[in-house]
Each structure stands twice: as structure tokens, then as C-alpha cells.
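Taking it in order: structure first as C-alpha cells, then the write-up.
Chain nomenclature is as follows: A, B, C and D, assigned in order of appearance, with residue numbering initiated at 1 for each chain independently.
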């Protein structure tokens, strides 16, 4: 924040007005609050996706691609299937998640079976997803003469009237409920289930897990599949809730990459991820308002975000160190 | 046609090689560097604006290196001194570089990109060698950055495997406590490595703005830092390996472009051709390259006296 | 960007005058393309018509709706959205704010234009046709290149028109076509240009945003008077003054200005699709000293034929196949 | 060292320690796990700075701020945990930090020659070109020693060098130490093995809970007294056990062949059987296929050929999970790599193999309350010293980590318990405890397969001893009638008759 203020001061903007704009513009009006929540929703899910993989010792940098294929899949269900309202939505969400899971399966499988570093495969899969979606949208899904697909029908949409009305017809949608539920699911999965026990064991020490009869390869693949599923839900939410259609894309949205920062800022815990995603959501959406009201270019917010990450990341390790020390003291006394 | 393919390969892989070499130093010392993208961005930006203001691209190149070092400094401080998670810090560096450079461009020029750099580091033919058929026009008639890249790879190899500094660097990345007991300052080695990393990756970025292209905008780097990171891992953290991987990638891009130029896009959508480099990389990794062993201490903050 | 708004926009809400808002697509205000040109039009409106103007840049596709909504809530009289990417958001927001006027550039909204929206498109294929004519008459090798950005219907429209123009003016000339599948990758643009020129191509037209910068970077390193590039959207000759044959200019600024003016003067009813072409002087080739008088004359001839409807320029691959 | 005090958060690791080492002597440091020996030596080597106290060398006060300073003062240290960079060659490891260059480049040839000379001089056999990851533990140890000699050290600190060595290697090391003394060096020697102290040391300082208890001349004391000094009570070295009552065949291994990653047959036609109610010890020099035999039995390594049967059922095609369920318990040789998930709590570690079974889980859900209850019981029964069952395994001392593993493995009551190096690096008190538990398990009528490099341990615990050599069992001996010498010869590959 302070760094951001200095930068603004130097550039001749009013930092106070800018931050005021940032927070007022993201939180204080029902519409803006709704849009902030809408911005936060996919960040929670991508953050959780990255966090789950991290817990199993894997770095899923392929969330971006998993989201794209999920959008495609949800879109297909949305526009090609004819189902009754609620069911249509549920099927579309699930199919999106599954598509993400499949996209996550590939790096997981190659890692487990061939020992190929998942980071490279994920990076490559991102680009493949981008081109794949473009080729399908252009040749198969787009409306005649346009660059985008038709909108999904009401029956598949995650938007519900009462939510939109509550937030002054902003585009907040059921995705936020899904995201919160999934945070809880992640908590239960990792810390309450047998599978979670295995995943964490494999993440911390694959040799010991193997020794204990845990199938390490299967858990590596599974971790990427679950992670991909979460990423897929993020994509499904964006498509079925926020956008409603797909267009030919020239670049990544960056929500997947933001997920990495969200996960790590949130210390890879569900609650942490929710809070970090909210922070990102406020900053991202609020920065638009900062430009609108205080004329501060939104790029500057990136700088502020970077500074926040720096401090939080360095601090988190400080907090952890403190905790370890306390434990040891407790042990000795 | 072969010449064309090779020229594209060289053009495409040069910035990747430079950035991958940057990553090499940092990661060999045990510090993960996913901030390559940001370092390249900063390099591209500074190179463009200094070349513009001084009219001398060589000064631009040097300024980019310095900027890379300066940007790598917070990375080093956070990751080494404060033992912050190295991946997060890399992400932060990417945010910082892209945000700051685009912001500054707007601030300085009131535009989304810098003006066009007129005096650039364009291709230089090496007398004699450039006359060799096929190889000549592609390798010996290339941008100064290509020669720099080749020299950097060879130097990196020599430094890493033949000099004291390199041996210590590798030791720090593999077993920092062993290095410490041998009287080596792990912290100093890692700082040096991360700063070198910044300089080299920034040259890679500069290549994009003052040699291949002639301006800086927010799309100048567009993911190439991540490809460079992939090349580094693909090349098993070895200078020649990374060179090979980056070249392989450039070659695959060249093939996909060539595919379009010979009219393949009549049968195959051009998006599918564009996918080719990524698909080929996966196939190559899955079928014959296989397991790469990272430096053992990669990503682990060093704490004195712990084990 | 933002700073310019602050000085020029004023943002004085008490001013009861006519207010204009402009929302860019993810390219941003200074994309040296239609966002920037649109903004020029707005600035002209500010200067000449004393219109209050303000802009919002979108960072992601998800930002379109909130940005449009913001302006709509401020009750701006006309809200411009630049780019085909708004074809879904505009109807959505327009529906919520029936009292506010919206304008969209580069999309006809599939023919279903809401009552409070003006959809503006350009006959890029016709402009590109003229670029094709210029290229076809300038080439010595009878090999011509076209570099597209991402293969989308809009960019394909440029290709079809261009190829038709080449075919019409010089049937012997061949057009080599390539898509970078990117709007930013300069290296790809440069590689494609290099490969094309190496293969004997001597004139290349591009419709590829930032990728096209690579074309100019490449052509500059080549012999003057022999290798040419043709720019797009605005006069790009500054990028390679000695090598730019001409540029296919799309006058989005004029369109924005004129429509805003007509709206302000209540001379125009919304709910329309305007497809602008030569007649409205919305398209054309940039003047250039590198085009010979002969070429210029031929270009003018073709232009007249198109205006008169003697030539129907193809908009896509299928129409191109049946062209002539 | 005068009045050294070193505190760690919550503990005084060294409490006003006075230690005087005379030139030319071998001075032993003795103490329980966690007594503060390593800490004291790390202070001397400059890795830690003491809060109080000073260090004098040849009556001159010195401040040792880091290993470089220590090296300059002629102090070298062989660490408890090897400090070798695995992918480096022996030469690179030795010269690291003290490289001599010619025109900027490392002169490997010269370095190799020097190292060869040094190693000849002190009788340390090393291959300067071998990779650290590919040499035996004994050679790694010698490389560590060479590292100090290469830097011209006069005072050598050996922190538990023998914990990981085979008897032959220990013999060699002791010989090396004697050579070093002859060359005028001084040695500080940390070990838990009283016999070694008795055989080479001149004086011994006993430390308990960070304090010096006493310094005595080795000539004036015996093992029992030392043990008592160190633990603070009498320790029995004998294992009280009844005659074995062997029953059914539990484990049967027939012509087993196991290949390592290079395709070499490390286990090569091995035959073995273990009956219920007996302890079978496997004696052998490191690297003769012991580890691979165990990994094959437990399903961690594929079996190339042959048969492994448990209670008459073929198990060599089963996965590790099934083998465990068939009744195999395994105390692994490397507790950090295999035995524990160091970042799990003790609780979570206690159910590493059983977490998926009731009562620890119901359906898909873990019952952590049950897990904690179970862990609390084991911690108590097996005397694992930890503040709570929620403590991370990482923060336990090695001895307590080992006790936790033993608790887990024995409490599952396996038909076959495989114990690999169960007491490596532990103090005599802990060893006594573990030995008792193993015998108790046997007496419950279970089979035990013991693999150890400690001939002592093998002779004490086993009812029958199989000698392994180059992947085969080359002979069986009766522990009651054999001697260490005889066993040593067999282990070197000579058959009984030739011997």
C-alpha cells in the first residue's frame, strides 16, 4: 500500500483518494459489492485448486488451461443439451469440472508414470487449451459471422434473480456458493478423509507413503485430477455465471495465475484461500474504480498487489517460524 | 526452406535461451525462479526506453541488465533473507514488473507502448561464416543477441563446471549445509546467482524490444518467460540442455509457421498448427526425455544450522 | 491514458451538457488500433462539440459489463464500446438501462439491435480489396503475403477482401496467407514476414495488431523500393517510412464523432445498424508517396466500381470462392 | 573450551561446559541422545555462536565465527550427518570451499593427485573420481576425513562416525584414527559405543542434559561405569532371553533374484526361512543385498525371479499394502526416508499403515480422535518422549523417532517383523529398551528377521544367523557357538571350512 502511495505521489496522483476509490468502489455499493464477489468467486476456486496440488507436492501451473477447457465443456452442455432448468445447470457445472479434471489428469499421469515434471506439461497444456478453444469456437460453435458463441440458455445459467437483485443487478452468481462449498470440501477432503491423509502423506514424503503401502502414483494422478476439477469449476462458474458465452481469446485471463498467488498467500489452507481471494477480488475490481474516480491507472494496482504479496509472503514465514519456536518451547518445558 | 526454418528457429529461441540461462543460475543455486517472465518484461521495457533516450541500443542492453539486477534484488531479499516461499515471490515479481512497466509507459508516453526504437541491434553477418550454405544465413547472420546467447551458454557451462564459483554454486543448490561447513557463504552465493539471473533474463527481454521488435508494450513478453522456464526444466538444468530445449521449441514453432506457408492451413486449422510446438514438447518429454532431477535444495530456504 | 482523461475529461458532473463514455476492450486505450482511434473521435467531440468525455479500460473480458454499467449509472448520454467483444455485453446492459444510448463498433449484434443501441460496422473487406489492388499492381515477383492475427471472422474478412482485390487487379499474382494466432507475438510476425520475403514475396499486408509490428521490423532491414508492407487500421507508415506502401485506414474516429454529433443534435434515432463504407468515407487507403500514380488511379477506379455496386467484394472464404 | 553455554529456544543445550583436550590424544565425548554433544562440537567448529564462554587453542583465546575460521585454526569436523554433495565426485567434495585454481579454472588433475597422496599417507582408500552418490558409506566417511585433512586440520572432530559403519569399516576407521594420532593430530570422538571408547580413546568426557558429569581416563574405568555415568542408572548389556521355541515356517524365500536400477542382480538366488518364535539375524557387509532383500519382501522393489512365501502364501506378486495386511511389520533402515512422514504429527505417523481401517476411519472419514487415543497409548507404552501426540515427528530426537516407529510396527502384532538397523545411532539406554521389545515379540510366537551391521546386536538377539554375501546366504551359524572373528571371516565371503 505504502509503496503504491509513494508511486502515486511521485506520479502526481492523490493516493488517499485512490485508496478511497479502491475500497469504496469495490465494497460500499450493492452493485460493486456484487461485482467484487463475482471477481472473487473464480479466484477462490483457482486458489483452492493450486493449494490442493501443493499439498500433494505438485505445482499446478496449468489452472489457466483447465479453466478454458472447462468453459468449453460447460458451454457445450449449455448450448447443445436440452435439459430441465436446475438439472441443466448442475450437469453443466459438473461437466465443466470433469473437463478440468481431464486436463489435469494428463500432467498428473505423465508425472506419475513417466516422471515428467508437471510444471512444463502444465505450461504446454495451457497453450493447447487456448488454441483448442479458439479452433472450436471459430469453426464449430460461433454464430455465423461473429467471434463468439451463442449465449447459454437460462436453464443452464448460474445466475439467479434473487442474488442479482440483492446486489443491484450485478452479475454475482451461484458460483460463490459453489466456491465456498468447495473450500469446505477441500478442508474435509484433506483433513478428515482417508484419501486426504494419503494425499498429504504423499506430498510430504512419497518414500514413506510407499513404505506404508500407499499407492503413490495413483495419489499423484488423483491430486492433479482433483486440482483440475476445482479449476474446472472455476471455469464453469465463469462461463455459466459471469459470461454466458465464449469468445475467441487472444490471451489468458490470468485468473489461473492469480490462483497461484492466492493459494500461497492463503498458506494453502481453505480459509486462507478465501481471504486471499477476497483481497485479490477487492484489489482487482476496485482498481477499475480507482481509474474511474481518481484517474489512477489500474496497472498501478498490480504494483500494490506485488508489494502486498512480498510482505505477506515474507511475514507468513515469520509467523510460521514463531509457531514452530513456540511448539518447541512447549515441548521442552 | 531449410534456411527459413533455421532462421525462425534462431529468432524464436534466442530470447528463450537467454532467459533460460538466467533461470539456470538461480535454480542451480537452489532458488526457484518463476519470475523470469517479469524479469524479461522489465528488461524489454528498460532496453526500449534507454535505447530511445540515448539513441544507442548497446546502452539500452546494459541498462536492461542493470534493471534486471535491480528487480532481482527484492526477489533475493524476500526469498533468501526472509525465507519467503520462492514461488510466491516469483509470482509477485511478475505482477510487479508488468504493472510497473506498463504504468510507466503510460506515464511517460501517454500511450500503450513506447515509441518505435529506430537504432536497433539488427542482424550482423559474420564475414566468411555467413556464406556457408543453410547454416550461414541462419546462424552466422543473426542478431547480436544470438551471438550473446551462444556465448552465454558456453560461458555458463564453463563457469558452472570448471570454475570455483560454479562448483560452489552447484554445491549450494544441492546441499547448502555441506557448502556451509566447507566455509562457503550460502547466502552470498544465492544472492549472486539470483542477481545474475536477473541480468540474463533481462537481456532475453531486451532482445524482444530492441532487436526482434522495436518497442515495448504489455504484450511484448506474453508468456515467453514461462516457456523459458519450461526449457530450463526440459533441459535438465544444464546449459546445453536448456539451449537444446529452447532450440527444439523454436524449431517446432518454425515448423508450425512453415506448415501455414506451404498451405497446410487449407487442410488443418491454423490454430491446430499453432498448437504444434506445445504438443511436440509434451510428446518429446513423455517419450524420450523423461525424468529430470532438479537440484536437491531447489525451493528450500536455507536456515543456518538446521538440517 | 488515465492521466489524459483527468486533464481533458474534467468529469464535471454538474455540467448538464452532453456526456460520452467510452469503454475499451482488453487492448486498452493506446492500442494503436480501434480503441485509440475511437478515443480520438471522442476527443474531437470534446473539442468541437463541448461534450464531456470519459473512458474506462477493460483488463479482462469480465470487466465489460461492470464498466458499461458504471457509465450507464452516471447517465451518460452515449456509451461507446469498441470492438466485437462487446456483442454480448452490450445487449445485456442496454436491456437494463433503456434510457441510455449505447454504441458498439465492429459488430452488427447479429442483426438484432436493441432500441437504444447503434451498431456500427465497417466494410473492411472493401478497404482490404483496395489494399489488394495496390499490392497486386506493385509486386514485381507476383508473390504477395497476408498476415492475419487470430483467425476470427473479422480478420478473415480482411483476408477475403484483400485476396479478391489481388485477384481482380492481377490474376497472375499469388497470395500466401498465414495466421499468427496471436495479436501480440512480434517474433511470430517477424518470422512470418521473414519467411515470406525470403520466399520471394515482395508485398505483405497485415491485419494482426501487435504481430504486424514484426512485419515492419523485418521489412525495414530489406532493400528499399523492393520490399513493401501495407499497414492496417491507421496510417502505419511511421513504423517503416521507406517501406510502407500504404495503409488500409478505418476511420472509426470520424464515425464516432459523426454519430455522437447526430445524436446530440437529435438527428439520429438509435436501434440501427450502420454499415459504413467508402460512401461515408469511413474507409480508404492512406495517401502515400510510394504508390505510383498509375496505381493510385487504378485503386480509385476500383473504389468507384465498388461504390456503384459493380463489384461485390467477398466477406468470407465462401464468397471468395465464387468471386468472379 | 571454557564455560560454554549454548541455548536454543526453550532449552539449554550446553550448560557451562568445560572441556580440555590435550594435544595428541583421542578424547571421547559420551552422552545420551540429545545430551548436547553435537551442539558443543558445532560451537567449536563455528557453526553456532555460544551465548557464554570462550574457546582457547594452545592457550590463546580465539573467536570462531564460522567454519572458515575453524579451518584456519586447524579444526576439522566430520559431521554426524554426512555433508557430501551427492552428484559431485569425491575430488569435488573434498576441494569444495578450498579450491586451488590455475588461471581461474579448477585444477582437477592436481587436486586428484594431492588427494591420492593424502589418502595413501593415512591409509584411507578412496577413489577420487567416483561420484559421492555411488560410493559406500564407509568410503563417504573416509571422504569426510580427507576433507578435513586436505584443509590441514590438526584437531579433528568425529561426530558419531561409527554409527553407520560395518564392523570391518569400524576396524578400519579405528586404524585410521591411530595413524592420525601418529602423525601428530588430535581427535575428539563422539560415539555411543562404549567398546570403541575402551579400545582407542585416552580420556572420555561424559555429558548429561547439557552438563559435564565427569572426565575420566579410559584406563581407570570400564563400560558399566561409563554407561551408568551417562544415563544416571545401571544399564544392563545382556539381553535376557529364553531359549527359542521355533514353530511353523513363517517366511520362506526361494531362489530370489532382485535387480537394481542398473540391472545388476543384487540379490542372486537367495534362500532363507524364518520360523515362528525365532529371531533370524542376517549378518553381512553393507551392500551385499540386505536392503534389496527387505525391499523385495515388503513389495517395495520388484522381484525378478524366485518365490517369497508368508505362512505358505505366495506374496511376491502382491503390492506393499497387501503384504502388510498379510502380517508383515517393517522397521526400515532409514527412519527419515521411509519410516516417518516428518511433517505429520506423531499421531498421524502412528497409523501410517492402518489409517484406513476401523477404528481409525469409518467409511471415507478418518476418526482422528481414535487415532490420538491410540497414539497416546503407544507413546506411553513405548516411552516415546514427546510433549504431545500432536508434536511433529520432525522435532523428535532420533532415538524417540525410532521408538515411535518400533511402537507402531510391534503394536500391529505382525507375524513377521523385519527389523533393519533398529538401533542405529541410539544411546545405550534406548538400545536396551528396543532389544527387549524385539525379544518380547519373538516370545509371543512371532517371527523376527533382523538385519544389522552391529555384530554385537546380531549375536545377542538372534537364535540363528544367516550370513549374506553377494546376494546369497552363504552359511548359517549358531550364535551360541560362534565368535565375532568367525562371523567376520564368513562375512568377507569365505566359507566356514576354508576359514
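Definition applied: a contact is a pair of C-beta atoms (placed from the backbone, for glycine too) under 8 Å apart; a residue touches a chain by one contact, two chains touch by 3 or more.
The shown structure was predicted, so the numbers you read here are calculated from the model rather than taken from an experiment.
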Top chain pair, ranked by number of contacting C-beta pairs: A-B
Averaged-CA centre spacing for the pair subunit D and subunit B, given as whole angstrom: 45
Approximate Å spacing (C-alpha centroids) for the pair subunit A, subunit C: 35
Separation of subunit A from subunit D, taking each centre as the mean of its C-alpha atoms, in whole Å: 47
Two or more partner chains touched - positions in subunit A: 131, 134, 138, 251, 297
Subunit C: positions in contact with at least two other chains: 1-3, 151, 181-184
Subunit D, residues touching no fewer than two other chains: none
Chain-to-chain touches, reported pairwise for every pair that qualifies: A-B, A-C, A-D, B-C, B-D
Sites on subunit A touched by subunit B in the complex: 7, 11, 59, 61, 106, 110, 114-117, 119-121, 123-125, 127-128, 131-132, 134-135, 138-139, 251-252, 257, 260-261, 264-265, 297, 299-303, 305-307, 309-310, 313-314, 316-318, 321
Subunit B residues touching subunit C - in the complex, by the definition given at the top: 3-4, 7-8, 11-12, 15, 106-107, 110-113, 116, 120, 122-123, 208, 212-215, 217-220, 222, 253-254, 257-258, 260-261, 265, 269-271, 274
Subunit C-touching residues of subunit A, taken from the complex the two chains share: 31-32, 35, 38-39, 131, 134, 138, 142-143, 145-148, 151, 169-171, 238, 242-245, 247-248, 250-251, 253-255, 284-285, 288-289, 291-292, 295-298
Subunit B-facing residues of subunit D, complex: 42, 45, 47-48, 66-68, 71, 77, 79, 81, 83-88, 92-93, 96-99, 101, 104-106, 147
Subunit B-facing residues of subunit C, complex: 1-4, 27-32, 36, 151, 176-188, 190-192, 194-196, 198-199, 210, 213-214, 216-217, 221, 238-239
